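Paired with chain B in one complex and with chain C in the other, chain A is shared by the two complexes that follow.
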Partner chain A sequence: MSDRVLLATFEHEDDLLAATDAVRRSGFKIVDAFTPYAVHGLERAMGLRPSRLTWVCFLCGMIGVLGMLWFEHWSTSIDWKLDVGGKPWNSLPSDVPVAFEAAVLLAGFGSVFALLAVSRLFPGKQPQIINPRVTDDRFLLVIDEADAGFDTAAVRKMLQEFHALAVEEKITLPGGDLQ
Partner chain B sequence: MSDVHASLRSPLVTGDKTISDVTRDICAPMDRKPTALWWSAFGLSLTALIVGVAAVWYQIATGIGTWGLNKTVGWAFDITNFVFWVGIGHAGTLISAVLFLFRQKWRTAVNRSAEAMTLFAVMCAGIFPLIHMGRPWLAFWMMPYPNTRGPLWVNFKSPLLWDVFAISTYLAISAVFWYVGLLPDLATIRDRSEPGWRKRITSILCLGWNGSARTWLRYETVYLLLAGLATPLVFSVHTIVSMDFATAVIPGWHTTIFPPYFVAGAIFSGLAMVLTLMIIARKVMQLEDYITMTHIDRMCKLMMSMGCIVGLAYGTEFFMAFYSGNGYEQFVFKNRALGPFAWAYWTMVSCNVLIPQLLWSRKLRSTLPVVFVIVILVNVGMWFERFVIIVTSLHRDFLPSSWASYAPTSIEIATFVGSFGLFFTCFLIFCRIAPVIAIAEIKGAAHLKKRPPAESITEEKAA
Partner chain C sequence: MSTEDSLTNPQRSFEAANVTRRNSVLRRLAVAGAVVLACGIAFSAERVWSNLLVGTFYLLTIALGGALFVALTYVSGGGWHVAFRRIPEAMAAVLPVAGVAMLVVLGVRMSRYGWHHDWHGDVGTFWFKELWLTPSFWAVRAVAYVSLWSLLAGWLVARSRKQDRTGDASITGGNVRISALFLAVYAVTFSLASADWMMALEPMWFSTMWGVYNFAGMIQAALAVVIVLGLILRSNGGPLQGVFNDEHLHDLGKLLLGFSCFWMYIWFSQYMLIWYSNIPEETSYFITRTHGPWGPIVVGCIVLNWVIPFFVLLPKPAKRSSGIMMKVAIVVLIGRWVDLYVMVFPSTLGENPVFGIWEAASISCLIGTAGLLLFRSFANAGSVPRHDPFLPESLHYHTC
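On to the complex of A and B.
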């Protein structure tokens, strides 16, 4: 990533979506977009891959169900054999409910913690807020000016066709923040 | 394209709002000082909570002999209240998770408060079995941890233990689902607050949310996963609650219809509680443009259909008692409808099956006072359903010599009142400190007003 980016502000999700699509089709690199709510279709317009967090969820769920089944089997039929109403020690059907709950618990917590980890969200984080209205009613698009042939004036003109409210140039600081 | 959709369906948000109007309207109650109405409701709830705390203190110090239980009726008021509160929680998850999977966008107006309701209801529910243990300070014995008693592990074949895992998982997952849903809204509050304690607290709680599209993509994935996990979870929870009864050999309990019957009843009672809270909240917090009559109408329809399923289950129970040819089973059901607790049975049938039929009429569905009375009656009826299932099945058992009756003591009633106190105290505090409507979700779901670009550009330049 170069040290210069172009920042476009929009008021409507349709404009942001169309502009993102057009910018990417023209071969420019999109750093990120910032929106007040999840804009459906933006991931396609930005060319992002579907999230792989589903695998984390699946893995955690499997660990939960298999771990709990093993523990139930080990504790009730190996470590301390407990006769309950003459039922077999290793009675699998009665192990299902708790194993299911363990799967849901681990899968739920696992995927949330994975989300926080990959998105680097943690208590006390001070993110750079480029425009405080981004959590209210503004949509931002950040375009990389890496390309040697990046024609700022042309891109600016293109963005204005999509009703960009403002287009400004910013410099990226080493930490990733904008100035 | 969005304009085309908007004209086909009635709008989710009325009153011609822009996106920033939505933020302002939903955050407004938090900026205002609490009204006199809020203070009086809070005072009342807090008083009920204090009464409950005193009652719980007394019965733990003295023992559960302070209850009206006897050798025949070993479960009564406390387990009734437990099932009642767990059931209420289920509508919250139905609205937040099941309707999310079905892409019902109208849920965005009510899901936040319904989830909060779930959390508080499950908290209230958890208290009852905890007290019922008699020695609640030993509650940790229910967890399978290595101990010096053998180690003697917990009994994984008991539905009561399944319940411990189900309810605690449900509470934990509901809390996480609620908090994850709150993250973008906490960031909204952070960004619109003046520097001060509110900005500091929300910037810690929102975990540094900045609205990045990459984060949104992952967030939506996880939200979908949580909804997918919460949906079978909510069914498993009440299924397991019903197995507390169904695995016993007591006539009236020992039936295979219990899991679906309990789940339908739970959602039914929960929708009644959601409607009760929403009808009050939209009025008191001036959210009529967000929780519209369309929302009330849809929830009424959903509630009525659940009521019909519950009615069908009541009928099926009677048919199966007759069809089984089992004399004990037949006696229990005759005794339910005609015995000493017939008044409770017929209260249940009238409130849960007959009265909700009024909601077939569109006119009555759009008359708020009528809807309010109906939902209150459904709340009452669903409490009586659990009372009927538990007490009438137990009080006349196999041996007529051990037949007994049951009446709650003042301590039991005070504990029940206290649980309402806890529920409403928590809910009223929630209404003050958090956005009662999911701001980010409703913005994405509702087709809001668009201003002409020229107007916005002028405004942006002036800023």
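On to the complex of A and C.
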């Protein structure tokens, strides 16, 4: 990503969807899109890859269930054999509820913390809002001015076709955060 | 084909040749199965009856599951499913036929339920059960359950079909109220019916989770039937082509995944409580089913009803794929039969599992009869509820 981006503001979600689709089809790189609420179909218009978060969730769940089964087995029938109600040692049914809970807990926490880490979110982080109105009634598309061949005028013209309210250039800070 | 075509022309028939071929195959399956079963009465009446109980309960719970799906979505204010709501409605409309079949099957065998003539065990401590299972009271209840379900579900479906003709949007609001009534009646009566018809096969055994266990299996199988019918009816220029889309399929896949887990959760909860407390009158059910030759069948039942649907349906693309969804739904439907087989056969036929010509015939009869009834029921109404206020929402539905 270069340090210059083009910001296009829209009033309607349909315009944003159509513009995003057109910009992507024309071969430009979309940095991000900001909307006041979840817009259905935007991930397809932006050409986003399927989320990898589901794999994080699945792996954490498997670690939870297998890890807990092993721990219960180890703690009740290897390290210190426990006789509970005359049941045989290493009784699988009694291990299942805790293993299930551990799977749910780790899958849930794993997904949340993985998302926070990938999004670089942490307590006390200063919000960087490009335009406060994206939290209210405006839709914003951020396009990367990838190289010298980027024809700002042509892109501007294309965006006008989708009723862009404003198209402006911004310079990004080191680390990719928007100024 | 565009959505508009199928809306303006809901009765547009799909490949007539395909339908004729399908119906003749189903008819052959039904008739062949029924003939073999009829012969079977002479050889092994008990086995034939056990098969009939499994088959009719299977059909009845599919019909009831359709009504439940319709009622649940009305009450929850759902709009996503309206485009294909005629499928669960077609299932619900089969309720009277399935209900009468159930009553006949129960009726012919009533005198042979274990508790009918003589009690085994200490009846003194089970005075309420003795009262509850008084044959006449038991029979009256069975008729009451079936009548209530047929009446309420029939009312719901008839009004939805009426909306096609009148276009009266207030019918939707009225159906929400009928659905709420149906759900309240259903929750109590189905729980009791499953205890009366299935749990009472072993009258001295009891489980307070029986009702919810049967509910779990029922809704899971009903969802699988909706998926199978939807995929068939949208293929080859069928009436739901362009109407029943991948978004709907995706959501049905999520529900099937969820209810497969729910079934497993409930199955295990019932098993674990009984295993843990280890009280003889409770463990009798699972001793027959988990020790000896029934053990592997119970494991197979769990693989079919939970392991396969869970791991196959987890990835998002699987839930949007016709091929995968069709296969998983069929696996779940086979699993449902095995689940009922494990509920009934050890009680009626004892410790050795049997599978032979009579079981094959009853499955063939079930597939044929259910297929014929459901497709005919679907063809009885417009394939899309064209005046439902939520229809546009359903047609433009997106999920992720």
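A few comments on the model shown:
Just so it is clear, the second predicted complex is superposed on the first by the 170 of 179 C-alpha atoms of A that agree within 3 Å, B and C clash if a C-alpha of one lies under 4 Å from a C-alpha of the other, contacts with A are read in each partner's own complex, and residues count from 1 in each chain.
Note that contacts are C-beta pairs under 8 Å (C-beta built on N, C-alpha and C of every residue); 3 or more make two chains touch, one makes a residue touch a chain.
Just so it is clear, the model here is predicted, and its values are computed rather than measured.
In this superposed model built on chain A, chain B and chain C take up the same space, so to speak, and clash. In the superposition on chain A, contact of A:Pro50 is made with both chain B and chain C. Between chain B and chain C, B touches the greater number of residues of chain A. Legend: residue contacts after superposition of the two complexes on their common chain; A:Thr172 is shown touching neither chain B nor chain C. In the superposed model, A:Ser119 lies in contact with chain B only, and not with chain C.
By the document's definition of touching, of the two partners only chain C reaches A:Gly41; chain B does not. Shared-chain residue A:Pro97: touches chain B and chain C both. Within the three-chain overlay, chain C meets chain B in a clash at only one of the listed stretches 110-118, 182-190 or 290-298, and that stretch is 182-190.
Chain A residues 40, 43, 50, 54, 85, 87, 94, 97 lie at the interface with chain B in one structure and with chain C in the other.
For chain A in complex with chain C, the residues that touch the partner chain are 40-41, 43, 50, 54, 58, 85-87, 93-94, 96-97.
Across the complex, chain B meets chain A through its residues 2, 18-20, 23, 144, 150-159, 161-162, 165-166, 169, 172-173, 176-177, 180, 183-184, 187-188, 190-192, 203-205, 207-222, 225-226, 229-230, 232-233, 236, 240, 243, 440-441, 443-444, 450-451, 453, 456-457, 460. Residues 9, 11-12, 14, 32-40, 42-43, 46, 48, 50-51, 53-54, 57, 61, 71-72, 75-76, 79-80, 82, 84-85, 87, 91, 94-95, 97-98, 100-102, 104-105, 107-109, 111-112, 114-116, 118-129, 132-137, 163, 165-166 of chain A are the ones touching chain B in the complex. Touching chain A in their complex are the following residues of chain C: 268, 271-272, 275-276, 278, 314-316, 398, 400.
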